[in-house]
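The structures come next, written out as structure tokens.
Each of the next two complexes has chain A plus one other chain: chain B in the first, chain C in the second.
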Partner chain A sequence: MKLELGNIEITDIQFSNESRVKGSTLYVNKKEIENLILEDEHIKEVKIDIAKPGESTRITPVKDVVEPRVKVSGDGGVFPGVISKDETVGTGRTNVLKGAAVVTTGKIVGFQEGIIDMSGKGAQYTPFSQTYNLVLSCEKADDIKAHTYERAVRMAGLKTATYLGELARDIEPDNIESYETLPLMKSKEEFKGLPSVAYVQMLQSQGLLHDTYVYGVDAKQIIPTLIYPTEIMDGAIISGNCVSACDKNTTYHHQNNCVVHDLYKRHGKDINFIGVIITNENVYLADKERASNWTAKLADFLGVDGVVVSQEGFGNPDTDLIMNCKKIEEKGIDTVIITDEYAGRDGASQSLADADEKANAVITGGNANELITLPPMDKIIGHIDYVNKIAGGFEGNMTEDGSITVELQAIIGATNELGFNKLTAREY
Partner chain B sequence: MKVKIITNNPLVYSLYSEDYDIDYQEISYEGILKKTRDYVHKGHELLTHPLSGSVKPNETPFKTLLISSKSKDLNLESLSIIEKSIETSEKFVQNQKKYPADIEKDFMEIDLSLIENVINKLL
Partner chain C sequence: MSKYKIVHYINQFYAGIGGEDMANYEPEKREGFVGPGQAFQGNLKSEAEITATIICGDSYYNENMEEAKNKILSMVKEENPDLFIAGPAFNAGRYGMACGDIASYVEKELGIKSITGMYIENPGVDSYKKNIYIIETKNSAAGMRKAVKSMSAFGLKLLNNEEILSPSEEGYIKRGLRKNIFVEKRGSERAVDMLIKKLKKEEFTTEFPMPEFDRVPPSPAIKDMSKAKIAIVTSGGIVPINNPDHIEASSASKYGKYDISRFKNLTCEDHETAHGGYDPSYANEDADRVIPIDVLRDMEKSNRIGKLHNYFYTTTGNGTAVANAKAFAAEIAQELISDGVDAVILTST
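Our next item is the complex of A and B:
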């Protein structure tokens, strides 16, 4: 399966009477987006803002971030099974508005979740301070349930990203990157002599605000399976996970999964990156046993020499992570795990809720309990009144001048467990 | 499988108390974990993860767990998981003692959602 990503570099975003891309500027007709979102009866009002890098702007509480993409050739369309028909994606050409992002906010439950600062100290901790963001603040219709509202906000983000992505359909990209994964046996033949490596991606799948969808299927319901890496680039995996801002994978993270990208960079050189196994992180312990049995079985079945496992979330998934690691190692396959840490504000406590001596190659995305003080911002998009009630916030954490002290876990992507961030720890 | 529900979530209690064996107590999140450990010591098997949900132990006041209704010999795996979970939960700095009613209700909903996904699939 071969996919080309055609990147159209975006370095500005502005409201306009006509939605289009001219040069490197994304022009957006606000009214058309409003109409698109308000097609959903579960949203009664939407406020649309622009947030650019370097501005004195704070966005909170953030639900999801989505990159606008469009399928120019190849089967299917973006976000298959959700926005487009359920066809297998991951081939042909997909154009990307690189540098643009759709950010959704909404008060789905009263203690949420997630800060993006576009400038100041906090901006260094989130990748979305560097993107040109169209921010949708969605107010729910009266008397609808949290589940319905979450779905409506999720769909608003995906629909808007699809609308914007369409603007890139007929544009010649600034650069084109090509990614190819051969069928297993051909890959083994082609790259004979190189160690073969698979990527095990764990998907958050526990319940309301803790879900992920694969081709529209709730990941709680899947048994671990195989997916081509390029399918993920076309939006086969989307986020319904709004909890634990620092280490959740937004849809943008899935589309730009950096484990996939980094493995591709070495593919054919010093490793043979043969593909991805996706698995879940359920609450039921029997599900954990089954899922980890299957990831180990699939890794064994593929005959790989090594796997990289990435986790999503904290606590409950620590157990899945260690089960996956242990069982894959027991098959004689070298395993590297990627996680983050809740090691207390001083960093001195045990980092994970589970451990095993076989987990002897660990990459961390940083300590989510570390405190940070964010300076006041001139503009707030969303609802700042929840900042003491988000994960990582606490009572009395906002001073009169508007600066706030929070744990890193309040910042979107700060300790991302794909490594889509700047924090880590090294031991020599 | 016959299960027992241990919870401090009134919403879970109101929904499941008629059809399930349920131990509902108005105690803390940590209290529920320790109550569960008592059951594990008596030979009940842990069926759901004590740290379910990414809402942290110092944020949500509510916790619901499932254990086997029958007790057998001490299940060492269950014991290991509940002990590690208690250790982890004690690490979090308690910083929010009381929430407004609407936020409490949201926490109840999340906790319910995490457990109803499991209850719905039990045979």
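Our next item is the complex of A and C:
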């Protein structure tokens, strides 16, 4: 399966009478997007803002971030099974508005939405301080439940990203990247002599606002299975979760899965990257046993020499991570796991909820409990009054001048477990 | 510029008072430096001065800890130094414990920066490395020159408020504290690099060495539940409505204790959850789903259990540091024991 990504570099975003991409500027007709979002009866009101890198702007509570993409050729459309029909994606050409992002906010759904600061100290912890963001503040209709609201906001983000992506359909990309994964046996033949490597992606599926969807299917209900890496680039996996902001994979993270990209970089040179095993993180022990058994079995079945395992969330999923690692290692397959830590504000506590000596190759995205004081911002998009309630916030964390102290946990993507960032933790 | 003041702590042996036979020597303060203090003073040059040395026998300290440390603390207080140096203790176990303990105590009680030096296997290392900087030394006094040199240099850095770098750069023993830093490559690239090294059987360094885990054996079963007093302790975050003590949604710094003696059944009128880790709709609708008061009252009535304790204890498990959880549990367990509770039902989310 081969996919080309045609990147159209976006370096500005502006409101305009007509939505279009001209040069590297994304022009957006506000009204059309409002209408699109208000099609959903669960959303009573929407406010649309722009947030650019370097501005004195704070966005909170952020739910999801989505990158605008469009399928120019090849089967299906973006976000198959959700926005587009259920066709197998991952082939042909997909154009990307690189540098643009749709950010969804609105009153709090759970406790676990986060903060994006476009400048200041907090900006260096979130990748979305570097993107040109169209921010949708969606307010829920009266008397709807948290999960209905979450779904409505999720759909608003996906619909808007699809709408913006369409603007890139007929534009000549600034650069084109090509990614190809061969059918298993052909890949083994082609890259004989190189160690075969698979990527095991754990999808958040604890339920109760901790969900991920694969081709529209709730990941709680999947048995671990195989997916081509390029399918993920076309939006086959989307976020539906409100796990702590720092280590949730937003839809943007899925679309730009960095493990996939970094494995491709070494593909055909040092390794033979044969594909992706997706698994879930359910809460029942029987589910955990089954999923980790299947993950290990699939890795064995594929005859790989090594895997990278990425986690999502923390605490309960630490057990899934360790079970996966242990069982895959027991098959004689080398593993590297990517996680993050909850070592307490002073860094002195136990970092993970589970451990095993077989997990001897660990990458960490940092200690999510570490405190950070974010400077005041001139503009707030969303609702500032939840920053003491979101995970990582605490009573009395706001000062009168508008600065707030939070754990890194509260910042979107701060300790991402796909390894999206350059942050790590070391022992001092 | 006035010189920084330092108080130095040593044992009876290094003070030249005697060996094991004098290990019961009680705390004594002398002006200026004594024994290894001379070498320290040489290294500290004109920047700092050892104004007093406190000497205490190792047995005395370890056998009379409370008394010893309070006596020494008041001696240190009189001097009001800028830095407190203990040892180095090398591989001497009891001396190491004394150095680690007194340095931790001085820093905690008086806010005076404190350091010591030990060999990595000294039992004092594990007990005190989280509290204070322990400079790594050789296992015997043959390493005195080097130890004094590195302890002096590190002490001056602390006194001058210079940035303290990593353990390997500074020569102190890893304190088990996890600190965030930015590195050159993103995590996924580091992961792929590490995997390739592992596949090639080359050396690699894990970013997080796996810890040893506590395993808690369950208590023996209760023979007669009809006489047992049962309490509920939960990390599911159930609290009286409006969360009166403001227990955090995540990374809890406290727990709550609430009276349920008047409740037969919890409802959305009176209880809710403060927990951030899950969709709270169902827990908020009926808190019995997390702490089953209704069922326990039925069981109490039909005498399947003796009594439901009048209070429940609650916190949020979400992201809460193990150290906090341990501290909560220690306090809660004490209270439960003194209230005659026989068994606890622990519920999570």
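Everything below uses one rule, namely that the second predicted complex is superposed on the first by the 420 of 428 C-alpha atoms of A that agree within 3 Å, B and C clash if a C-alpha of one lies under 4 Å from a C-alpha of the other, contacts with A are read in each partner's own complex, and residues count from 1 in each chain.
Operating definition for what follows: a residue touches a chain if its C-beta (ideal position, glycine included) is under 8 Å from a C-beta of that chain, and two chains touch if they have at least 3 such contacts.
Every value quoted in this text rests on a predicted model; they were computed, and no experiment measured them.
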Clash-or-fit label for the pair chain B, chain C on chain A: clash
Chain B versus chain C as contact partner of A:K220, first or second or both or neither: first
Partner chain(s) touched by A:Q350 [first = chain B, second = chain C, both, neither]: both
Touching partner for A:A286 - first (chain B), second (chain C), both, neither: first
Partner chain in contact with A:T319 - chain B first, chain C second, else both or neither: first
Contacts of A:I271 with chain B and chain C, given as first, second, both or neither: second
Which of chain B and chain C A:E4 touches, first, second, both or neither: neither
Residues of chain A touched, compared between chain B and chain C (which is higher): C
Contacts of A:L209 with chain B and chain C, given as first, second, both or neither: both
First, second, both or neither for A:Y342, with chain B first and chain C second: both
Contacts of A:A146 with chain B and chain C, given as first, second, both or neither: both
Doubly contacted residues of chain A, that is, touched by chain B and again by chain C: 110-111, 146-147, 206-210, 244, 314-315, 342, 344-345, 349-350, 354, 389, 391, 394-395, 409
Interface residues, chain A side, partner chain C - complex: 110-112, 124, 145-147, 195, 197, 206-210, 244, 258-259, 261-263, 265-266, 270-271, 305-308, 310, 314-315, 334-336, 338-339, 341-352, 354-357, 359-370, 389-395, 407-409, 416-428
Partner chain B, residues of chain A touching it in the complex: 109-111, 146-147, 204, 206-210, 220, 241, 243-244, 248, 282-286, 288, 313-316, 318-319, 342, 344-345, 349-350, 353-354, 388-389, 391, 394-395, 409
Residue numbers on chain C that touch chain A, as the complex places them: 130, 166-167, 174-192, 194-196, 198-199, 204, 206-211, 213, 246, 248-251, 253, 275-282, 317-319, 321-324
Interface residues, chain B side, partner chain A - complex: 46-49, 51-56, 59, 66, 81, 84-85, 87-88, 91-93, 95-97, 99-100, 102-103, 106-107, 109-110, 113-118, 121
